[in-house]
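Single-structure report; data block below.
We just call them A, B, C and D in the order they show up, numbering each chain from 1.
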């Protein structure tokens, strides 16, 4: 399927739905691209779990500070007006409902808003959860940015997650390469189709009933 | 650029509704946001639940707000002091409700609200009348009381330095309850003695990160409760 | 009774039992005098509930800082090496068992270590507890410094407190004008008599059985 | 004058017994007290329970301590990373136990230990396998899980500036778990890049007050895990 949004376009589309002045936590992968697509006239303040509010872009290689990283353990910078704090304060921001938007990648997301993005549940896997379970329970709005299907073509938007949950009923909106999809009381519903993509194509790539956009 | 500055104390407290739960920073006179409290007196919201360690002194600030009949309930640890007359009189007359909370439990309940912790266990009050009716539980052979979080609709806070993003520092023991109250209120209103540009506060020295602050009022020469009382002042 | 210790001597005697380097919280009244009687070669670090570790003596009148007070709302100073912190952190120090010694005044203290020092329980009294209940539960050792009897001659060391408790079974040692008294599994026991005071005098002034000093 | 300075890292960790619960500050490489960890490798205490967000990288620091067979149990939120090989191999071989704790719950359990709170409720893990077997409870119609405090016998911490009383500041995101671990351990051992006189740290800027610190080791030029790994180093 050549139609649809690129990774960059998915991030840009997600950025459109983040209000000006939001406190934002970005997961690893496509969500990180959002910083490059902040809409004109808006400003987001980035939080990273390991104790920084006001995170800036990566530094030049020769300006790295080994003690300034993000939760993904990548080197970052601090913008004017930044603040450092310890881990209990950092997760107070998360669990206390102070962060406005969290944008995550995922393995699966279900029609009821369940998300599974931390473990395949394989018996030989080393389980590792990090801050994902805190984020999905604490942040006001959970966005997911993800390819609509896996590399092998399996749907990532499903009726029920087969992988262990990160949190139940927490996702509000999903941005894929094919569409913007809301989690509604009636299940998935298309909000917007990517250019050149039909509702039928989305329906076929989705592992659960999905409603067309309301006219 | 994000700028949380609010033109005046009056505008900053204009939307405090009747019946609101309001946290007020300060421990005794130290850290009490007098200008914001007086703005709330002018604004006139009634039936307020007030959260502060004390109940004010003299006839200014917190005591004046109570004297003005705007407060129906007080949540505090120490409602009397040598100079507090307003609250004791109303309390004895049955005109104001009191929820007495030990100081450390008060602080921890406020912090819990800010941190998304609905309840926790503490040894404080075990075996006393203040634990009566409360759920207790043993951990490792010791008894603890369960205490719920304590949230507010508004927090009125005084700080020393603020930037437009809401990053704050405080002055000495005027810090007290203020940083945790900033975390626990839906809308946190701060009066600052000094307003600086974003980046002027070293990120290592920020006490309250801006995420916990909604409105900033520039009050470069704040009055101090102790000074007002020594001068025999009252408000309004 | 003219024999026995003065207020200052009681404070000095209590100070003798505080180890070098202790973190100490002092209640209002006689306990405050302890700062004047720190034994030669020892150093105590004073904590005050309203967010200061490293509290120093009162300032000269013309050097007062209105934003630097102690929990008793008196103006104080901060010594080199002091630290300011907020109330939740301050009571973490208390409740978390980080303070070594708390010295309190009291209305009553019972033979099982119960202390009552916050309310007479009178129906018209305005109840006010402050940080007392946190201190008695959290600090490692609770000392009491008090006159042995009330102004009207009633014992303050009693079999059972008649006033509402601040905390049950928390007091370890009591310093009065007549004696130093331990709370033991067998009840009160004299550790030391004030100069010119006999055990019988102490016994008579005490509202509970009291054991003499072990030889 | 009170002086918590300890002559060497070796002396500072000399009394860590076999079977001790040891918290180690740092988030990945940032804030990891390499010199103290290596001293603990030299010291040789066994059967340790280690608490850290991760499990170390490469063959230095935390990973080297685990590789040396001194750790029987790991409590962490994220035990694997691109450069962690030691823990995964031992875990798959059944030679090391893992208690997986979400990052925010790990932080809050540590903070609770320092604050004298034996248990608290959190929404994190509700509805997931990590809540299985745990007590849940509703507050205001939402379900929460009860979590216990997490204490340690020792904490090994890296800071930026310390004074002889144990007051500490940290460097940027190297702060992470360190301040709360200082609170939660019976004996807190800190390596500092800079040791200054009492009074040289502004009391407003102290991050960890000295009451939470027991021993300070002067390590003016600490090695950094990332640098050691890039250089292909291993320890011992």
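Note that contacts are C-beta pairs under 8 Å (C-beta built on N, C-alpha and C of every residue); 3 or more make two chains touch, one makes a residue touch a chain.
Fair warning: this is a prediction, and the values are worked out from it, not measured in the lab.
Colleague: Which chains, if any, touch chain A and chain B both?
Modeller: Touches both chain A and chain B: D.
Colleague: Please identify each chain that touches chain B as well as chain C.
Modeller: Per touch definition, common to chain B and chain C: D.
Colleague: Pick out whichever of the two, C-D or A-D, is joined by more C-beta pairs in contact.
Modeller: Most contacts of the two pairs: A-D.
Colleague: When the C-alpha atoms of chain C and chain D are each averaged to a single point, how far apart are the two points in Å?
Modeller: Each chain's C-alpha centroid was found; their separation is 36 Å.
Colleague: Per the centroid of Cα atoms for each chain, what is the distance between chain A and chain D, given in Å?
Modeller: One centre to the other, that is 29 Å.
Colleague: Where the centres are mean C-alpha positions, what is the separation of chain A from chain C, in Å?
Modeller: Centre-to-centre distance between chain A and chain C: 55 Å.
Colleague: Using the touch rule from the top of the page, what residues of chain A touch 2 or more other chains?
Modeller: Within chain A, residues 52, 78, 84-85, 88, 91, 94-95, 138 contact more than one other chain.
Colleague: Among the residues of chain D, which are close enough to touch at least two other chains?
Modeller: 108, 111, 115-117, 122-123, 170-172, 203-204, 207
Colleague: Which pairs of chains touch each other in this structure?
Modeller: Per the contact definition above, the touching pairs are A-B, A-D, B-C, B-D, C-D.
Colleague: Residues of chain D touching chain B in their complex?
Modeller: 108, 112, 115-123, 137, 139-140, 142, 144, 148, 169-172, 203-205, 207
Colleague: Could you pull out which chain D residues touch chain A in their complex?
Modeller: Residues 27-31, 53, 77-81, 87-88, 91-92, 98, 100, 102-108, 110-111, 122-130, 170-180, 207, 224, 226-227 of chain D touch chain A in their complex.
Colleague: Under the touch definition given earlier, write down the residues of chain C that touch chain D in their complex.
Modeller: Checking each residue of chain C against chain D gives 21, 23, 43, 45, 47, 52-54, 78-85, 88-89, 91-99, 138.
Colleague: Within their complex, state which residues of chain B touch chain A.
Modeller: These residues of chain B touch chain A: 1-2, 111, 113-117, 163-165, 167, 183, 197-199, 201, 203-204, 206, 209-212.
Colleague: Going by the contact rule set out above, which residues of chain C touch chain B in the complex?
Modeller: Listed in rising order, the residues of chain C that touch chain B are 48-52, 65-71, 73, 78, 84-88, 90-91, 94-95, 124, 126-134, 137-138, 164-169.
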